[in-house]
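Some structures to go through are shown next.
Presented sequentially are two complexes of chain A, the first with chain B as partner and the second with chain C.
Now for the complex of A and B:
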């Protein structure tokens, strides 16, 4: 499943880069995040309870940040599993200055399996994009008030 | 599979049901027909801690024709509405859409209100409510309120209902005499969720379109009201060319997701095709009514 999007953030590129790499910002903005623990350099273990409406599940997994080219680019690799399914994905985040702010482009390729992938296939892409959108909207708000 | 453990209540009145929801908040789910909720629970994709079964609440099963509006109580089964003479006379668009909701076994238990509260992105009844500018009556701890269709559907499986609210009635505006309608959808097998579905209402006067309503399902997180296409049609004389223009306007207005059942491009294309065919059928019915 390929997902992508763009966001405009009202902060200069260095501030956006710092925020994206700040575990506290990730903790505040990741929907349903229960726990985020740094277990190695640029490697985190996370537990999330996510879903839509009544359909929710708890997933735990690992997130790794690689190919860091501050302040413009990094890649993410993640994998997780829970009662309703498992997922494995990788993505990239690219930043470029735009006026007084920053243009953020994200894209990812995710494989989802298990019950949620079978039964929820119709909504997986849309809901996934929505949750990722919530994450970036939250960052937008944090950065907007910061400047 | 079996559901995760839950507490079960079967209130006898709406007040008792609302009290239970107020107590348990978003830990509770209302059980009416159960045709969406129970499979989710059995697969453990949803694990509500509390179930408030409203099937024993009196006074919620009715279809009443008020002037210009069909009032349908929250426990009215889809099959009863589908076979109702009042629905056939006052709101045949609803009847036609009901016939395509799942399978008859589902419609025997599933409720009209339940389908609307569940807000599946490919549901028929949510799109019909949207096409007709219907509304729901909701009761909660704060009292009763009326929610218009345009304010009800938020995103996938999500309405603006508070978790402590229960729908008590759904209101579908009746089709004025002389109006044409059409419901069309496409699915891979009969009874499958629609890949795209369209509900259309058309009225003519003096040889031109005086009213056009177009709502779609399956092409986004909520039902889509194709207002740009509606504006394009109003005041114009019907023609094949006009239907084609409306189809293009609809294609420009929708942003469907793709999945293993159908690509985004397919859904977008087919939405336009269905609009064209539905407008054609609606026009035939206008002429038959005249």
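Now for the complex of A and C:
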């Protein structure tokens, strides 16, 4: 399933970049995140609890940030599994200055399997967008309402 | 003779218990000390397994055992290959638990046994499986593309069989034909969805060496035989009971599903009774499915719409394994010609592995596909040649004086496909009368003028039923005068307790209420194959008739001795034997049963053994062929893509009818499942073969709101192949529904030029087809 979107953040590109690379910010802003442990450079071990339709599941897996081109671009790869099945995703984040703020474009391709695919597939697009929306909303709040 | 019960519309013997909730289904079996199993299933459609770590699961208090493939030893080998065929080169079956690879979502990887099902399921979550996910094969077309991933890497191909059947010189017929039309038809996957999912309870008694298994199966005797062989036990020491079974529809005739081996094995190892009940979500991935076929089909016809030849090449999706062999595609191939004279025909198929749930017969078992292809081709002929659809069918029907009719193919029972009897034109005319086909053009016009889109569909079919090899029956009259009928075929709601009782009652001069029918318990009858292929009433029913006849003869001989009258003058009626013309000289059947089992003194030699008891078998020489016609009137709302049925007519001939109520029930249920396959029920998979419709939120079973009131009429052409003259009816209802509905929808949407070449449809798909139509009204 492919998802994409854009957000405008009221902070200069360098600030946005730093926040996006701050484990503390990721920890605070990722919905359902239980645990995020840095296990190597740009590599984290994560535990996430997400509910989709009637299925609530805890997934543990890894999150990797690659192809870093500060302050404009990185790619993110996520892999997790749990009782409710597995998920695997890949995406990219691109930043560009826009006036005093920053335009953030994101896109991702998520694959799910097992229970969550069978039961929650219809909801997946909506829930995915909602969770990513929550993430950026939180990010905006951390960056301060500069608008 | 007294009242005749065969043919009577009597209430069912089994209903008082079932309707009061007093049935015994597998989940109702509760044994002292019983523990519960749950199965960990693969979330991947295709993956390698690099290891399974069960330590955390084993450590949970209340968990008795966690089994993986490594624990199974000899039992870990691939499960039995059923029904081999010379063309089936790669007969792959699954292991009870996956060893180093998984090939569909839902494949069992581990079995947990715990004090409760809750604990067992929680422990499943703690098992860590090191999967290496691999690209999956999600469709038959993808599977045959060069470079496709391989479901079974060791065989180097996804094609496990190619098979061709042919009659007449089809290429010559096409070369000479004035008209040839080509179409591509797609039939997608569906699920049987019996109300009761699968379930197994097993109990092992080390003192008596008796293994008892309650299994929601259609084939308890083959399951018993297989378990005895696998565990090295005497068949005599294994008892398999298929108690009340809440529907099977073919999906419960697998010998074996993994759980049917694992649960008894776990019970023997643990020395505790073990229960496993499949939940609905499991059932949607772990119970066998059916229906996916893609046909490239062609018909050759003369200017009058007479068929000169038909040829089809199709892909059959077997799913990840092919335990049941080629039955479904062979049935599809041989059902396709139907009630029509097809002078030349070729059907070639490739059976193909995909990374989806295994396929085995589901009610219809290839027949709906064959009929869909044939009926859609005839509709095309009618449209192209400007002929009436019913008239095209009428011109091509096999005539009553042409029976027995040799189709020129080999059927699923490996016998020549030879229709035994029938009156196809009569069935068609009756259906056309009932739906008032003559008035249809005017009614259609009237609807159009009101801006409504209403269509009529008429589809014919032949159903192969009542195949061998055999079934048997033991009938015993007890001292109470009650009659006990024991047979090997199980029952899954078909009403055997009543229809078999009616047959016995007629021969013995008792009422069906006096006849207690016992099915599905290997301790009560030792021989049999199972309830499938619309065969139970025909094959077991005739065995009952033969055994009842034998008991009747013995009862008359015993009565002749007691009443001091010649055997020829003894009559059985009203539960008594009496001397013809002297009703006062009578003795009850119960008294005869007591007398036939003396404690002392010499027994007359002509009684031929003790008691009023006989065992008989019936072995049909070949299948018996039922037939029928469905006609429906459907309104389509082009805005929403929704259907509403104005009428649905079924005219059906399954030979002599035993019980019209039961027969109509079979037809109603079949049509409901057929409507599912025509419009509602679709098992969707994503491009990585992840199943997307594993709940009833997404997999839409037709409910009372979707199933129209059905008008059912019977034609009775007896079968010459058995003493009762009966044929099967189990699958009839489902077979032509998709064909009839597609035709009606296409008729309704004629102003849009929408073309229907697939089943199932859906409201959204229908809107898409309207948009793709050639015209705007």
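Rule of thumb we're sticking to: the second predicted complex is superposed on the first by the 140 of 147 C-alpha atoms of A that agree within 3 Å, B and C clash if a C-alpha of one lies under 4 Å from a C-alpha of the other, contacts with A are read in each partner's own complex, and residues count from 1 in each chain.
Simple rule for what comes next: a contact is a pair of C-beta atoms (placed from the backbone, for glycine too) under 8 Å apart; a residue touches a chain by one contact, two chains touch by 3 or more.
None of these values were measured; they are calculated from a predicted model.
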Chain B versus chain C as contact partner of A:27, first or second or both or neither: neither
Touched partner set for A:56, first chain B, second chain C, both or neither: first
Partner chain(s) touched by A:127 [first = chain B, second = chain C, both, neither]: first
Touching partner for A:113 - first (chain B), second (chain C), both, neither: second
Comparing the two partners chain B and chain C, which touches a greater set of residues in chain A: B
Touched partner set for A:86, first chain B, second chain C, both or neither: second
Touched partner set for A:137, first chain B, second chain C, both or neither: neither
Touched partner set for A:37, first chain B, second chain C, both or neither: neither
Interface residues of chain A shared between complexes with chain B and chain C: 83, 115, 119, 121-122
Footprint of chain C on chain A - complex, ascending: 81-83, 85-86, 88, 111-115, 117-119, 121-122
Residues of chain C that touch chain A when the two form their complex: 42-45, 105, 124-125, 131, 133, 281, 284-285, 686, 688, 690-695, 697-698
Contact footprint of chain A on chain B as seen in their complex: 29, 37, 40, 43-48, 119, 121-122, 155-158, 193, 221, 257-261
Residues on chain A engaged by chain B in the complex (per definition of touch): 51-57, 83-84, 115-116, 119-127, 129-130
